[in-house]
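Look for chain A in each of the two complexes below; its partner is chain B in the first and chain C in the second.
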Partner chain A sequence: MTKYALRTAATGVLIIFGAATLVFFIMRLAPGDQAIVLLGPDATAAEVADARARLGLDQPLPVQYWHYLGQLVTLDFGESYRFGQPALDLVLSRLPASVELALAATVVAMLGVVFGALAGAYRGRWIDRGISGLALTLYSMPPFWIGIMLILVMALQLRLLPSAGVGTPAHIVLPALTLAAPFTALLTRITRSSVAETMAEPHVRRAYAKGLSTREVVTGHVVRNAATPVVTVGALHISTLLGGAVIVESVFSWPGLGSLLVTAVSNRDYSIVQAAVLLIAAIVVCCNVAADLIAARLDPRVRLGGAS
Partner chain B sequence: MTDALLQIEHLSIDLPGPAGPVRVVDDVSFAVAAGRTTGLIGESGSGKTMTATAVIGLLPAGAEVSGSMWWQGEDLVTMAEKDRRRLRGRAIAMIFQDPQSALNPTQTIGRQVGEILRRGGMPKQEVRQKVIDLLDRVGVPDPRTRHAQYPHQYSGGLRQRAMVATALAGSPQLILADEPTTALDVTVQARILALLRRIREEEGMAMLLVSHDLRVMAHVADEVVVMYAGRLCEIGPGREVLSSPAHPYTRALVVSVPAVRSRTAIAEPLPGSPASPADRPSGCPFHPRCAKARAVCRTEVPQMRQVAPGRQVACHFPEET
Partner chain C sequence: MSAITVRTRLWPVRLRSTPAVATAAAVVLACYLLVGLVGPLLIPYDPVATSVADRLLPIGAVRQDGTLALLGTDGAGRDMLGQLVHGARTSIVIGVSVVATCLAVGLALGTLAGYLAGWTDVAISRLIDVLMAFPGILLAIVIAGLFDQGMLVVVLALSVAGWVAFARLARGLTLSLRVRPWVDAARLIGVPTPVVIVRHIIPFVIGPVTALATTEFAGAVLSEAGLSFLGLGLPSSTVSWGQVIANGKDYLDTAWWISALPGLALTGLVVSTGLLGDHLTQRLGSSR
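So, the complex of A and B:
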């Protein structure tokens, strides 16, 4: 288990390093840089060159990269040229809002596990058809459209909930529902197929042969066995909610990581982009490790290193 | 047969198929006597497993059952699902073919053996003790430690022993054993068979043993029922049927088993492949593979009739017994 943990940690570091390197070079490959954005289109060549020198952009790329790696190790990403604050602080200040939204969406999406388990346990019956059809419909609707529809109906027509911003607990309902919609559908579909597959295993027949009812068989012998793919995909999706809820955060003016990142990219605010991407990569890695550990907890064959 | 624990009468089972329902079991009648082992013999597609599955009531969805299965004055075929569930695992238990996949990989052996006891409301400590006793009885070494282990930590033979313990936990009157040794190594097979025999004798319960393996049958079956393509061929005391088969199919099965000790008696493989219930030949289903078949075999279905005390056969031209 220690060896496994070490290997996982090493892989995680490598992935974070890779993401950080990629974002560095991609940002610099993109046309335009901070100096141009900062000074605007009317600036003279001399002014731009001056700003470049000040920001360290006139140095060769390898030198800039080396400097950047130094920053990575010390977790010092420099200041955002736009906000004049340390980039990491800015990014971290946006994290709680994103976490809050992601957690709320995840709680809602857990319904998908229940629905998926029901559909999988009664595969081919009307309950399965209903749930599967609903999940597919939900999955095929773009989140921003769902968001706008929710705003139209719940906020503008019925005036039940606020349409944007933060403040009261009611503010989180619409963005959380919007974010949860595709996630719920995803969990429903994965749980359904995993449960249906487990239901066909011989040990489930044996559980029936013990005189258990379908409900007892599902809760006692199926759910846990079917959980591994659900946990893996679920954890991966949660990590994308944390960093990548860009559109939903924009639609609802939610002050999270995603909306900060979008602004930073269009402003060529390298410090913020780099800090944010690093943080998101770290979150993705952590979620995956957590998923692996949970899977090991659920399945003793993984935990105890059995062959079969 | 007054001491029959289970009396199957005219049992027919239709399963839904791509081209309409397929009759996988056709008009099968036999009895399982209390305290004895009845062997159900046949090749794949003979309906033997379906018959056993019908007894415990776990046929696939869409299966149509007709006829009756009398169990202590009640007909299992018409019994409500709720009542059948009460019998399952308690009065009637089942041992499955592949102990590798028929045990839940995420639960300890002890938990699975004790599940029925726990559901019956037995206190935790008592369940633990009972589970350890059960594992000890079926020959799992060091049950105090091993009851807390998982199936993948058991060898194939031990898993099958654990499965036997699971079946015994409900103190059943009838154990259905579906190919209990097929997935095991030959040396382990013999030990599991000896175990089944010992357990059956100790408990005084009945066993319905489903197998295609005549050597298994010769070891443990008091009575045998031979099936082919969903129909009965022959019923009789195990020793007699296997030593002097009356039905040409039974005879063919017997001579197709290679004798280990003899080099002179060469096994004769049965020509052709087993008839499929979906495409059952007319008349006697065995006639296309039968060396003795005549015109009548192609047109008329032979009925079961008595050829000797306790022996029935469905053949127009049975062998002398």
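So, the complex of A and C:
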């Protein structure tokens, strides 16, 4: 188990390193000079050259990359030119709001597991068809559009909930529902296929033969077996959830990491972009590692199965 | 011998995975394609031409000059039907370009990794791991936001992470194909590696990959809409559904149709692609 955990963690470190490299090259390839962004269009050539030297932009790319990695290891992401504060502080200050929203959405999305299990247990019956059709439709809607339609109906027409911002618990309802929508649909689909697959296994047939009802068969003989892929595949899509959050936060002016990233990208605030992207990558990796360990705990086949 | 009567149901009760649903989805998809390809020729639309007098007309209203605004107008008096039709073309062009790029790259790298094994496989697999774990839309937002706006940048931004799914699928299939007898035989008689891959591996990979292409198309269309919604996608001279939805956000109180209609159009396109994709996945073999 320890060996398994170590291997999983090593993969995680590799992924964060890969993401950092990717971000570095995207930012260096992007047109526009960071020094000019920093100083504004009125800067003289001498000022720009000075800033470039200060930022290390006049050095060869491999040297820049080496410096960049050094800065990452010491968690030094530089200052945001717009806010004049360390980028990491800014990004971390936005993290709690994002975590709150993601957790709320995950709680809502757990409904998907219930619906998916129902659909899988009654595969091919009307309840399956209804749930599957609904899940496909929900998954096919652009999340930001679901958000806007929720604002239209719940906030503007019925005047039940606030449409944007933070403050009261009511403020989180619409963003959380919006963010949860595609994830719920996804969990429904994953759970459905996993449960349906487990239902076809011999031990389930035996449980039926023993005279158990469908409910007893599902709760006693299917749920735990079917849980492993739901956990691993579900966790793989945590990144979908966090990616979705970037857009959903912008719809609802939710003061999280995502909306900060979008404004930073528009303003070419490189240090924030870099810090935010890497923080999100780190969160995704942690979730995946956690999910792998949970899956290994749930299912000995995973931890004993060797390399994969 | 008595004729066997087959009871045909009027209502297609089996909603999913039946050819009827797949056919219906294909028909809907064909309609979108037709609208996207031919529509812009029939319904001219000028994103710059605004008309203050015709602002925020509801569905079916008549304009100042007596013409019918079938689906209403937006906050600048521009025709909604025109925006929907031109937006369909944008979505389809981007979706097809992204899928074509991702398919080519993913198929090439995936089969190479699976066939050559060794270090090639390790390098490509690690790259896949990194990109799989990373939210693709995040990467697209950063790329599309930092580079100059344009069709090519959007396609590239969405392809950077998009090829991974194809590569993973192709690699997995190739791993099991490379030990099959006909591949061994080809290798033994000295067929060069590229030819083995093209002639003896790819024909067996292409089916599942095609099924995956439908899902990826749907994802690309949704992501493009998301980028344009954030104002990071296409320049405003190109109509995109995501952009229209964003424009309508300011008029939700008075003109709901501006945001609602493009979203419905998007959902219809993605649902029908998804239904067709589910069917193809069942027909053409495993995905995931």
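Note that the second predicted complex is superposed on the first by the 281 of 308 C-alpha atoms of A that agree within 3 Å, B and C clash if a C-alpha of one lies under 4 Å from a C-alpha of the other, contacts with A are read in each partner's own complex, and residues count from 1 in each chain.
In this text, contacts are C-beta pairs under 8 Å (C-beta built on N, C-alpha and C of every residue); 3 or more make two chains touch, one makes a residue touch a chain.
Owing to the predicted nature of the structure, the values given are computational and were not obtained by experimental measurement.
Superposition note: with chain A as the common reference, chain B and chain C can be accommodated side by side. Of the two partner chains placed by superposition, A:44 touches none, neither chain B nor chain C.
By the touch criterion defined above, A:2 lies against neither chain B nor chain C after alignment on the C-alpha atoms of chain A.
When both complexes are overlaid on chain A, the residue A:213 reaches chain B alone and has no touch with chain C.
When the shared chain is aligned, chain C comes close enough to touch A:18, but chain B does not.
Using the contact criterion defined above for the overlaid structures, shared-chain residue A:298 touches chain B, although it does not reach chain C. Superposing both complexes on chain A places the Cα centres of chain B and chain C at an angle of 80° as seen from the Cα centre of chain A, in steps of 10.
When the two structures are aligned on the shared chain, A:205 is found in touch with chain B, with no touch to chain C. Put simply, more of the residues of chain A are touched by C, taking chain B and chain C as the two choices.
By the touch criterion defined above, A:224 reaches chain B but does not reach chain C. Taken over all C-alpha pairs, chain B and chain C come no nearer than 9 Å in the superposed arrangement. On chain A, the surface touched by chain B in one complex and the surface touched by chain C in the other have no residue in common.
Those residues of chain B whose C-beta lies close enough to touch chain A in the complex are 56, 58, 85-90, 93-94, 96-98, 100-107, 115-116, 119, 150, 152-153, 163, 166, 170. Listing the residues of chain C that touch chain A in their complex gives 13-16, 126-127, 129-139, 141-143, 145-148, 218, 222, 225-226, 229-232, 242, 245, 248-249, 252-253, 256, 259-260, 262-263, 266-267, 270-271, 273-275, 278.
The residues of chain A lying in touch with chain B in their complex are 201-203, 205-213, 216, 220-221, 224-225, 298-301, 304, 306-308.
Residues of chain A touching chain C in their complex: 11, 14-15, 18-19, 22-23, 26-27, 30-32, 124, 129, 132-133, 136-137, 139-145, 148-149, 151-152, 156, 236, 239-240, 242-244, 246-247, 250-251, 261-262, 265-266, 268, 273, 277, 280-281, 284-285, 288.
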